[in-house]
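Below: a set of structures, written as structure tokens.
Each of the two complexes below includes subunit A, the first together with subunit B, the second together with subunit C.
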Partner chain A sequence: MSLLELNNLTVSYGPIKALHGITIRVEEGELVSLLGANGAGKSTTLRSISRLIPILEGDILFNGKSILNLTAYQIVSLGISHVPEGRGIFPSLTVMENLELSSWTVKDKKKIKHNLSRIFSIFPRLEERKNQLAGTLSGGEQQMLAVGRAMMTDCRLMLLDEPSMGLSPLLVKEVFKVLKEINNSGTTILLVEQNANMALKIADRGYVIENGRIALEGPAEHLMQDKRVKEAYFGKEKK
Partner chain B sequence: MLEKAIIGKKSISAGSLKWIRLNAFFLISAAFVQMLGNIGFINQYYIHILTVMGMNIILVASLNLLNGYLGEFALGHAGFMGIGAYSGALIAIYLGLPFFPRLFFSLAGAAIVSGVVAYIIGLITFKTVGDYLAVITLGFNMIIVNIIQNIDFVGGPRGLVGIPKSTNFFIVAVCLSFTYTVLRNLVYSNYGRLWISIRENLIASELMGVNIIRMKNLAFTIAASFAGLAGSLWAQYQQFINPKSFDYTKTTEILVMLYLGGTGSLSGSILGVVVYTITMEILRNLLEFNPRLVELRMVISPMILIVIMLTRQFGLMGKREWKWIQPEKEGN
Partner chain C sequence: MEIIIQQLINAVQLGAVYALIALGYSMVYGIIRLINFAHGDIFMVGAFIGFLLAVKFKLPFVFILLLTMFLTALLGIAIERIAYHKLRNAHRMSLVITALGVGTFLENLVRLAVGPQTRQIPAQLSNNILHLTNGIVVTEDKLLIIGISIMLMIVLWLFVNKTLIGKAMRAVADNIDVVPLMGINVDMIVSVTFAIGSALAAAGGIFFGQSYSIEPYMGIDLGWKAFIAAVVGGIGSIEGAVVGSFILAGIEVFTVAYLSSNLKNGIAFALLIILLVIWPYGIMGKPSLKKV
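Up next, the complex of A and B:
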């Protein structure tokens, strides 16, 4: 049984169909990348998993159970955490307050403390700046905070929407290294990215989504070698 | 076991002790002022102004919870003040209690009735956001006033008379101190932070697993309860209430004071009310030589709002707080 299964998922914004029946499987412990161009339906897929938008057809199974009739806030206590596009931090709260708020669904005080110390060991920068307002952090630090907040919800599955957006290549590398680390410690990750090169490097498997349909899928190494992926995302090789 | 023992002791922290001392000082001074007023040492007119200020601060600070911290534009605050005023007045008139129980039950009852009504309204209202929410709350304000106007039992449009006088400056000061203690603790608790997070990024706070509608309704209910408390104080101070005084004109006045002081700042609510009230009273005295000019004040009040919006969008205080209102940062 897969941890997350999307079966023939169809989503539309008004009359315009954004997803035409996509099927995706994520196994426990995997890091899966979802690649695609602008407007292909990557973010829509994540938003429909965290129940932010209504679903026309198809089913979403988490841990074998359908989550179609749950609302967005109920999803979190199941163990799915979504880091939205643009990070979604709260600028006028401090770093610490941002983190503490995110443990809203976690009742066990010891667990909160444990998660907090784990986050601070992965992101020492956040500990240095914990009393600073989140709005004053740099872009990279804000992304770290967003990932840290997802970890505070004590999630089994982390949905990440373009964590590389607006970051320098060096910072992207750092963030992706941390994501791999988090994945290695047992959290399943579904990663939406435009930066195909970086995303496939750390991923186990990948899906390529085009105009709301799955165009390609397979192990990450295969996709990296695939001619079509190369042409679409890495640019044509010069001869 | 050891941990439990330590928690069981739970000594009062230095910060709370400071707050308690501050409030005690405020209440003692208020009692002193009230006494001086009673023996005629301070002009009754000044006592009256202070009393009105106190009630308005309760109204403005509670609306601040919605418009400032939660970031939703609610336009029906005077309606809940009206519900509180009428329910408080009815309790005071008909239950026939001696002074202190009467005062207590009319204030607590008013707050509860307003809160319950707000909760029910909130169940409908918070399906919407933004402009729609503003229009719906304004609509409920009008409905509440119209309903009261059409109930003959409470005097209809003529108003309700014969309310025993139980409120004076000192009582208002006690309620004000209570209001600020509750609001300050709320705003700096996880709930307050959550309301701020809803204001700053609704989707992100929903993705933390928070039932947004319930949390919004909680803020709405609390704000309305305090509006009801202020209404009940008002009714037992004026001894006469009529529905007209709780329509959208009053809501606008509360909004002017709130935005003058600054949304999202408890200090701003105090400052806004004080500055607005003093300005209006000075204008009244300045224009007194010609009774026709006194009405000009009503033009000047909305003018103030326009000038604030053009020059200081964030009000006098912005989001800053006076130091004595902030709880001390924990030493971590």
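Up next, the complex of A and C:
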């Protein structure tokens, strides 16, 4: 049984179909990258898993159970955490308050403390700035805070929407290194990225989504060698 | 000098009532960007619930206050659930018109239930005169009202800044779309906000009714003033609502004392317009900056 299964998922925004029946599986412990161009349906996929948008057809199973009849906030207590596009931190709350809030569903005080010290050991910058307003952080620090917040929810599955957006290449490297570490310590990750190169480097498997359909899938190293992926993504890389 | 201090005490008392109403305006606006124009009428309903509890059940003051705050909080939650909830993502104008409708409904409901005449909440607090220094006198009830109001504001400030639910309220104000991703039920937070805002307005209603008579349309005038106080202070800001309320009350009281009661509203609002020209977002308000 996969940790996450999207079966024939169809989503539309009004009359426009955004996803035409996509099927994705994520096994426990995996890091899976979902690649695609702007508007291909990557964010829509994550937003449907988080139950932020209604689903037309198909099913989403988490840990073998359908989560279609749950609302967004109930998903978090199941163990799914979504780091949204643009990070979505709360700018007028302090770093600490941002982290505290995301432990809302965790009842065990010891676990909260443990998670917090783990986050601070991975992101020492956040500890240095814990009493600072989150809105005053740099883009990279805000991304760290967004990932830290997801860790505070004590999740089994972390969904990340373009964590590299707006970051310098150096910071992107740092963030991806941390994501790999988090994955290695047992958290399953589904990563949405336009930066195909970086995303495939740390991934076990990948999916390529085009116009709301899965165009390619396979082990990350295969996708990296694939002609179509190379042409579509690596050719366009600015570096 | 004595007269100035005497008037200052009056201004603080009136300002406290304004602030208790203005806080609800500001908090609700802060989290769902709704100017809840029914809020002045919630204040009025609070005053009448207090009136009924005092006249029919002859409860002691503390129970009247707490029970009224509780019942009015339920009313606030019900109004949000019934009238505003479905419109959360609708055009703001639809919400404002709905709020005006809810206000008119409450006015007429109370008028139907108790009649249009003015009433007096029987005095609940002793109005023994206390002699402070230099011939300044103040009645006990005034001091008590000011004291309880300030205490309520401090409790609110602590709640919003120190508790997890309070932090969630501020998070909703910051970015309502992301809050569910933290596992937080936004509807619950919105309900809590309406409950607190309505309970504070109810306390304001009872305090107002200790010094003035009450009638079903009293919420219109006071609601507007509290709303304006909230805007001048910086709508969305708790501290701003309190500051704006005391400024408005101060201007009103001193205009009546030294100029003319006819000029009260004219001068008060002229000065408020000037304040808004200087601080377009209100004294404590911030322009909404969103970092991408």
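Assume the second predicted complex is superposed on the first by the 235 of 239 C-alpha atoms of A that agree within 3 Å, B and C clash if a C-alpha of one lies under 4 Å from a C-alpha of the other, contacts with A are read in each partner's own complex, and residues count from 1 in each chain.
The working rule: contacts are C-beta pairs under 8 Å (C-beta built on N, C-alpha and C of every residue); 3 or more make two chains touch, one makes a residue touch a chain.
Quick caveat, the model's predicted, so the values are computed rather than measured.
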Superposition on subunit A - do subunit B and subunit C clash or fit: clash
Touching partner for A:122 - first (subunit B), second (subunit C), both, neither: neither
First, second, both or neither for A:37, with subunit B first and subunit C second: neither
Which of subunit B and subunit C A:131 touches, first, second, both or neither: first
Contacts of A:55 with subunit B and subunit C, given as first, second, both or neither: neither
First, second, both or neither for A:90, with subunit B first and subunit C second: both
Touching both subunit B and subunit C, residues of subunit A: 50, 52, 72-77, 81-82, 84, 88-93, 97, 100-102, 104-105, 149, 153
For the subunit A and subunit B complex, residues of the former touching the latter: 50, 52, 72-77, 81-82, 84, 88-93, 96-97, 100-102, 104-105, 131, 149, 153
Residues of subunit A that touch subunit C when the two form their complex: 50, 52, 71-77, 81-82, 84, 86, 88-93, 97, 100-102, 104-105, 135, 142, 149, 153, 166
Residue numbers on subunit C that touch subunit A, as the complex places them: 164, 167-168, 170-171, 173-175, 177-186, 291-292
Footprint of subunit A on subunit B - complex, ascending: 190, 193-194, 196-197, 200-201, 203-212, 319, 329, 332
